[in-house]
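Each of the two complexes below includes chain A, the first together with chain B, the second together with chain C.
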Partner chain A sequence: MGKYSDSAEWEDIVPISQDDGGPNPLAAIAYTEDYSEAMSYLRAVMAVDEKSDRVLGLTEDIIQMNPAHYTVWLYRADILLELQKNLVQELEWLNTIAIKHHKNFQIWHHRQVIMSHTPTLPSSEISFLARMFAKDAKNYHVWSYRQWLVRRFSLWDSELPYVESLLQSDVRNNSAWNHRWFIVFARYTDPEKHSIKNNDADSQVEPGIIEREIEYTKAAILMAPQNQSPWNYLRGIVRKQGKGLVGLKSFAEQFANLEKEDEVRSSHALDFLADVYAEEEENELSGKALELLARRYDPIRKNYWNYRRSMLGFEQVGA
Partner chain B sequence: MRTKPKRRKVIHKSRSRTPLRQLHRRDGYENHMASDRAVDRDEQEELISRDGTDPLSLEATFDQAEGRLQVPDLYTTLPPIKDTLTTDTSVSQDNIIQRCLPHLSASGSSVFSVNGQGIPSLERENHIDFLHSTIENARYIPYDSVRPWVLYWSLTALSLLGENVETYQQRVVETLSACQNLGGGFGAGHGQLSHVATSYAAVLSLAIVGGSESLDMIGRRALWRWLGQLKQSDGGFSLCVGGEEDVRGAYCSMTIISLLALPLELPPNAPTRARGFASFLDGLPEYLSRCQTFEGGISGRPQSEAHGAYAFCALACLCIIGSPREMLPKYLDLPLLISWLSSRQHAPEGGFSGRTNKLVDGCYSHWVGGCWPLIEAAMNASQTSGSTTTPKIRSWYSQEGLTRYILSCCQADDGGMRDKPNTIPDAYHTCYTLAGLSATQHYSCYSGTRNAEAGYPLNSAFHWDSSKKGPQRDMNKGEDFGDARTMLGSLHPIYVIPWGAVERCHGLFSQKTRF
Partner chain C sequence: MSTHAASPSQPAPNLRSDRSSFNKERHIKYWLRCLKTHLPTAYTSNDAQRMTLAFFILSALDVLGVLHTKTTPAERNEYVDWILRCQHPNGGFRGFTGTMVGEDAALENCAWDSANLAATYFACAALAVLGEGMEGVRKTECLNWVRGLQRRNGSFGEGIGKGGRVEGGEDMRFCYCAAAVRWMLRRGDVESIADIDVERLVEYIETSVTYEGGIAQAPFHEANAGLTYSGVGALSLLGKIPRKGRPSSDGKMMSPEFINDLTRWLVSRQTLMLQDIEDGLDVAEDEFAHPGSAPAPAPIAFPPTFHVLGGFPVPAEIALHGEPLALEVSPYDQQWVGVNGRCNKVADTCYSFWVGGTLGMLNQVYLQDFNGIRRYLLEKTQHMIGGFGKMPGDLPDILHSHHGLVTLATMREPDLKSIDPTLCISVSARENFEKQTAGGKVNRTL
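Let's look at the complex of A and B:
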C-alpha cells in the first residue's frame, strides 16, 4: 500500500526493497514509509536505467523528502538532458527547493549542470541569487556557483556594482571580497594555470585598475580598521603589483603608531607594519610591532608572532 | 545550576564565590600565558595523584596566595580592539562571544566539573554513550546520504576515547557491503551511486575495525577503475561520476589509492588518458597549488574563497604525494598560508574559524588544527638546515585556547560534541573536536628521508611517528593546562584514523603486486 504500489502507472515495476546491510545494520535510519517506498522504486528504475517522465516525478518526490540525496540529483540531471526537457522550468522549480533548503549544496551542482546546457543567461538568474545571498551572504556553494556563472556568461562587468552593494551593507563580508578579487584580478588569469606560488605578480592588470582597487580598499579600511578582509585584499593587490608594501606605510601608521602603543586601532595594521619595517630593514621597529601583537593586541596568536620575531633574530615574548 | 545524579559533579569552593574578572586583574599582569595560572591546592594534589606527574612540574603554576580558580583574561574579556561600525558580521561575532564567555569563565551553565584552571573535564562516559547510540541509529533521513560517514565519525571518536571498536567489525562489514557497488566504490547506501567521500569513509571505517574480512571485502580492482573515471583534465578529481570537482575529491581519492596501494597508473578506461594523462598524480600537485588564494588559505576549487576544511584536504593530499618538506614549499606560498592559518584562531573564544570574518566552529579544531602538524613538519625541517639560532617551533597556535574552547564550549550537557554553545551535538563535530583535542596532546613528526624506497611508490604518508607531549606541558613555556582525564588516543595526521589501522592497511596491501 502506498503512493507507487497503488498506482496503475507504476504497476509494471517490481520495487527493490532496501538492503540495510545484514541483520543489525549500523547507522540505521528511521525511514518513513513514503520514503522507503519511493526509494524502492528508484532502485528498480535505476537498475534498468529508465529515463522517463514518471521517473522524473519520482526524483522530484524523493528530493522533496531528502534534498541531500546526491544520487537522485545526478539521475535527475541525466533524465532532463536525455528527454530534452524545458530547462527554464527546471530552474524555476529549483528556485523553490533552494530557497526552502538554503543550506543544501547538492542543488548547486545540479543547477550548474542545467545551466551549462542553457545557451543564454535566464533573466531571473541574478535576482534569484540575490535572494539566496539575502538569506546567507557567505554561502560557499552559492558563491562557487556564481563564479562559474560569471565565467560561463562573461558577466565580469556587471558584477562590480553588485559586489560593491554587498560590501556596502557589510564591509566584513569576506566572500564578497573574494568575489571582488575574482572579477577584478582572476578574470585575467587562467584558472587552469595561475597559482599564487608561481606567478602572482601580473603585468596584465592595468595600473589604473590597481590604483582604483587600492583606493577602494583603503576607504573600506577607514570604515572599520580592525576588519581583516580588506587588509588581506590590500596585501594581495600589492603582490600583484610586485612593488612591496612600503608605499602604504603612512596609510597603515595612522592605525598603529609604535610611539603610542595604547592607541593602536588595528592589529592588522600592526601586522602590516611589521612587514613594512622588515622590508625597510628596520628590524627593531618590526620586532616591536610583533611584540605588541604577541603581548597585547593579538595574544592568542602569540606563538605565531614569536615565530615572526625569531625570523628577525629576536627572543620570544612572554616565554 | 542543574544536578544530575548520573554525573560526577565537583564544584570548587572558589568557583561559586569569586568574580573572575577581579581575580585576574589583581596584579595587573599583562602576560596571560605565564602568570595567570593558579591551581587549587586540593585540585592539584588530586590531579597529581591521578596522573602521576611530578608535583614540581606544576609548582610554578600554583598561586599560593590566592589558591583560586584561574582563567586568563584572554579568555574572559572582549578583544582589545573593536570597531564602532556595526554590520551583520560584527553582530554575529559579538553574539558568539557572549554565548561563549560564560562557558569559558566556568561561570555559565556548564554542568561539568572544572579543574583549577577553569577547564572542564572531558565527559568521557557521556561522549562514549552518545557515540555508541549514534553508530547504532543515525535516525534522520538526511543521514541516508552519509551513512558510511556516520560509521567513520563514530568509530574514530570512539577509538580516541579508548573504546575497543573491533566489536563492530562484523556489522561494519555487513553495513558497508550493502553500500559497495559492483562497478567500484561505495555509495551512501543500497542502490546509491559511488561517491568518493563515502568511499573514503567506508575504507577508513573498515581499516579502523580491522580484521582480514574487513579489508578483503573491498573490491580493489573495481575501485581503481572507478577512481580513474573521477580524474579530471585539470589534475583534480570529481566526487562522483558526473558530480562536482573540488579538493575533497583529490584528498579522498589519494587517501584510498595510497592506503590500499592501488596502482598509480590510470586505468585504461580513464577519460583523461585521452588528454595524455597516464597517472593519478598527473597535474595533481599543480591543481592543489592553484587552489591557494590571495589570502593565503586554500579554497575548494581555484579562485573560490579560502576555507579551513579545504586547506586540510589540500595539505594532506600533498603529503600523500610526497614529503611535507618537499611538497609544501614547492607548491604553496608557505609564509602566506601560515599567516592565514594562524588568523583562524579567535580570542576570547579560543577556537578556530574556517574563513576570514566567520565564526568559530568546533569542527575546525581538526580541519585547521590538523594543518599544523603538516606545516610544522615542513617548516621544522627547513629550519634545521638553516640557521641554528632559529628555534624549532613545536606549537604554532595556542593549544591552551583550543583546549579551552573544545572542553568549555563544545561539550553538550548530555554527551556528544557540538559546533558551538547552544547547538545540537552530532557525530561529525564529536569526531573532529576530539581529533583536534588529541592533536594538542600528541606530536606528529615526519620521520621520512628524501631517498625514495623500494616498494609502493606513495610511501611518504607512512613515515610519520607520534609521541605524547609532556604532562600538560608544552615546549613553549607557560602552556600547561588540562589534566590526565582529557588524554585521548592519537590519530595519523593524514589519514585521521588510529595509527594501528594505518599500519594494518599498509602491511596488508603495500607488498601486493596484483589485485
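Let's look at the complex of A and C:
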C-alpha cells in the first residue's frame, strides 16, 4: 500500500527494505511510511544503477523528505548528466528546494556541480541569489556558492557595487564585508594554489586600491563606530599594506580619547588604540585603554582585557 | 603530542548563582530517551547522519557519567554491532544503514553506498566512548581510504564517488575529520601504511585563516566558529599548536601572531545579543525585560558610495551623531553572555562549545566569562524536559543539547566528566586510545 507499490510504473522493481541489524540500532528514527517506502525503492534502483526519468522523480521525492541525503544528490547529478537533461530546468527546481530548506548545504554543492556543466551564466542566477539574500543576507552556503560563481564566470567588476548596496542596507553585515575582501584580493590568486595568506603583505595589489579600501572603511566606521566588522577589515587592510596601525591613530582617537573617558564612542576604537600605543611602546596608555575596556566599555571580555594587560606587565582590573 | 583539558592550575570559575541550576537528572532522562526510543520523525532529514547523532547520544551519556550504568553490557554490544555494521568493506564508515543493499552490493553500485569521512570520525569516537578498542576497525583500509580523499590543495573530500572521484565540497570540517581519524588510528605498527600529506593540509588551513583572525570553510570565505574549531582542532591533532613546555615533535609551530589574532577573534564571539532582533517576537525575553536595557540599535543606512570614482560623501558632522551613545551596558544585562559563530550574529548554544572548545585547545578557556555563559546556557537555553535548545525558548535537539552539555564540561561543571576539547570526548574515553596501542608498542607518531 503505497505510492510506489501501487504504481504500474514501478511494478518491475522489488524494493529492498532497510536492514538495521539487531534489536538496538543507534539513532533509529520514526520514519513515515512514505519515506520508508521511497527509500526501499531507491535502494533497489541504486543496486542496478538505473538511470531513468522515473528515478529522477524518485530522487526528487526523497530530497523533499530528506535534503541531506548526500548520495541521493550524487546519484541525481549522475543521471541528469548521463541523460543530458535540461540543466536550466534543474536549476529552477533547485530554487524551490533551496528556498524551502535554506539551511541545507548539499543543495548548494549540487547547484555548483550543475553550474559547472553550464557554459554561460543563466540570466536568472543573480536575481535568484538576491532572493536568497533577501531571506537571509548572511547565509553561509549562499555566500560560499557566490564566491565560486564569481570565479567561474569572472564577475569581479559587477560584484563591488553589489556588495556596497548590501552594506548600505546593513553596515553590520559581516558576510558582505568578507565578500568585499574576497572581491578585492582573491582575483589575484589562483584557487588551485592560493598560496597567499590573508595576513601576508600583498605586492600584487595596486597601491591605490589599498588607499580606497581604507577610505571606504573609515567612512563606514564614522557611520557606526560601535560595529566590529569594519574595524576588523581595517586591521586586515593595514596588514596587507605591510604597515603598522599607528597611521590610523588620530582616526581612532576621535572615537576614544583617553583624556575624556566618559565620552568613549567605540570599544573597538579602544581595542585598536591599545595596539597602536603598544606599537609606539606607550605601555601606560595601552594599559589605560585596556583598563577602560575591562571596567566600563566591554566588561563581558574582562578576563581577556586583563590578560592583555598582564602581557604588558599590569595588574588585573577588579570587578 | 596529546591533547589536554584545561590545566588545574588555572583559576576555578565561580559557579555560584541564584537561579542557575544544572538539572542533571533531566538531562539523563532526555538522553536515555534518545538512546532507547525512536527519534521523532522530524529527524528524518538527519537520516544520513545517524552516526553523528549516535555519537552525540553516547558521548553525552558518557559525559554525564551514566553510559555504563544505565545500559547493559548486552545493549552496548549491540550498539557496537550497529556501528561496525556501517563499516565499509573498503575502509571507512557510512553515515547510516540506508544505502546498504545487502547481497546486491556490486562494483557498479558501490558509488551509491560509499563511506563518509565525517561518519568515520564519529564512528571511531563512538567506539572509544563505548570503551571499545579499535580492533573492529579495518585500520589499513580506512587510513588508505582517508589518504585517497585528500586533494592536491591539501583539503579533503567526504567520500569517493563514481570513477574514483573525490566528492564533497571544500570544507574545513572534513580536514578536522581526516586529522582526527589519523590521530585515532595511526598508532602502533603503521609504518607500512602511507600517511596523508600533512604539510599540504597545514598549508590549506593556514590559507583559510581570514583577515579577522578566525578560520573559514575554505580560503577567502568568512570566519566561523565551527570551522575555526575544525581548523584549530586539525592543527592541534597534527601537533602544530604550541603548548607550554612541550616542544614541537615535527616541524614548525603556528606563529604567536596567529594565536593572538585567533584568541581575539574567539573572545569577540561572546555577545549580549541573545535573540534575533529580525525575528521580532521576543517572547522568552519579555519576562526578563528590564527598563534600563537599551534596545539593539537599528541598522543604519549610509549614503550612496562612489568607491570606483574615489569620492565618499559622508558628512562627518551627521555621521558622528548617527548612533546613540549606549556603549555601557547595565550590570543587569551583563548577567547572561551568549556566544555567536560570526561577527555581528546572534548567540546560539552550539557556538558556546565551538568557541570554548577551541579556547580549550589553546589552554585559554579561562579568558571567557564563565559565569555569564553558564547562566546563559542554564537559564536561557536549557529546557525543562532536559537538553538545550538553539536559542532561548527553543525545544531541545540532539546537536544543541550535546554542545550545551560539553560546554559546561569544559568549564568544569561539577558532576560532569572532564572532556578533551580537541577530540570532543571525555578524557577517560580518550585514554582508550592511549591504552590500546596495537602490539603493546609505544605510541610513536603523536
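Assume the second predicted complex is superposed on the first by the 303 of 319 C-alpha atoms of A that agree within 3 Å, B and C clash if a C-alpha of one lies under 4 Å from a C-alpha of the other, contacts with A are read in each partner's own complex, and residues count from 1 in each chain.
We take it that a contact is a pair of C-beta atoms (placed from the backbone, for glycine too) under 8 Å apart; a residue touches a chain by one contact, two chains touch by 3 or more.
Just so we're clear, the structure is a prediction, and the values are computed from it rather than from any experiment.
Q: Look at where chain B and chain C land on chain A after superposing the complexes, then choose clash or fit.
A: Result for chain B and chain C: clash.
Q: May I ask you to decide whether A:310 touches chain B, chain C, both, or neither, giving the answer as first, second, both or neither?
A: first
Q: A:10 contacts which: chain B (first), chain C (second), both, neither?
A: It touches nothing on chain B or chain C.
Q: In the superposed arrangement, which partner chain does A:65 touch: chain B (first), chain C (second), both, or neither?
A: Both partners, chain B and chain C.
Q: Pick one for A:48: touches chain B only (first), chain C only (second), both, or neither.
A: second
Q: Does the superposition put A:143 against chain B (first), chain C (second), both, or neither?
A: both
Q: Using the touch definition from the top, say if A:266 reaches chain B (first), chain C (second), both or neither.
A: In the superposition, A:266 contacts both chain B and chain C.
Q: Could you look at A:175 and tell me whether it touches chain B, chain C, both or neither (first, second, both, neither)?
A: Both chain B and chain C are touched by A:175.
Q: Between chain B (first) and chain C (second), which, if any, makes contact with A:233: first, second, both or neither?
A: After superposing on A, A:233 lies in contact with both chain B and chain C.
Q: Applying the touch criterion given at the start, work out whether A:295 contacts chain B, chain C, both or neither, answering first, second, both or neither.
A: Touch partner of A:295: chain B, not chain C.
Q: Considering each complex separately, which residues of chain A are in contact with chain B in the first and with chain C in the second?
A: Shared contact residues on chain A (touching chain B in one complex, chain C in the other): 16, 18-32, 35, 39, 43, 46-47, 65-66, 68-71, 74-75, 78, 108-109, 112, 138, 140, 143-144, 147, 169-175, 178, 181-182, 185-186, 191-198, 223-229, 232-233, 235-236, 239, 264-267, 296-297, 299-304, 307.
Q: Which chain A residues qualify as touching chain C in the complex?
A: 16, 18-32, 35, 39, 43-44, 46-49, 65-71, 74-75, 78, 101, 105, 108-109, 112, 138, 140, 143-144, 147, 160-161, 164, 167-175, 178, 181-182, 185-186, 189, 191-199, 212, 215-216, 219-220, 222-229, 232-233, 235-237, 239-240, 254, 264-267, 296-297, 299-304, 307
Q: Which of the residues in chain A end up touching chain B in this complex?
A: Chain A residues touching chain B: 16, 18-32, 35, 39, 42-43, 46-47, 65-66, 68-71, 74-75, 77-78, 108-109, 112-113, 137-138, 140, 143-144, 147, 169-175, 178, 181-182, 185-186, 191-198, 200, 223-229, 232-233, 235-236, 239, 264-267, 271, 295-304, 306-307, 310-311, 313, 316, 318-319.
Q: Given the complex with chain A, which residues does chain C contribute to the contact?
A: By the definition above, chain C touches chain A via 34-35, 38-41, 43-51, 53-54, 57-58, 75, 78-79, 81-83, 85, 95, 97-102, 104-106, 108-109, 111-114, 116, 126, 152-153, 158-159, 161-162, 167-169, 203, 206-207, 209-213, 217-224, 257, 261, 263-264, 267-268, 270-272, 297, 299-305, 307-308, 310, 312, 314, 316, 319-320, 322-323, 325, 327-329, 334, 337, 342-345, 364, 366-369, 372.
Q: If we count contacts the way the header does, which residues on chain B are in touch with chain A in the complex?
A: 30-34, 74, 80-85, 87-90, 134-148, 150-151, 154, 168, 170-172, 174-179, 187-193, 195, 234, 240-244, 286, 289-290, 292-296, 300-307, 331-333, 336, 338-340, 342-343, 345-347, 350, 355-358, 389-391, 393, 395-398, 401, 476-478
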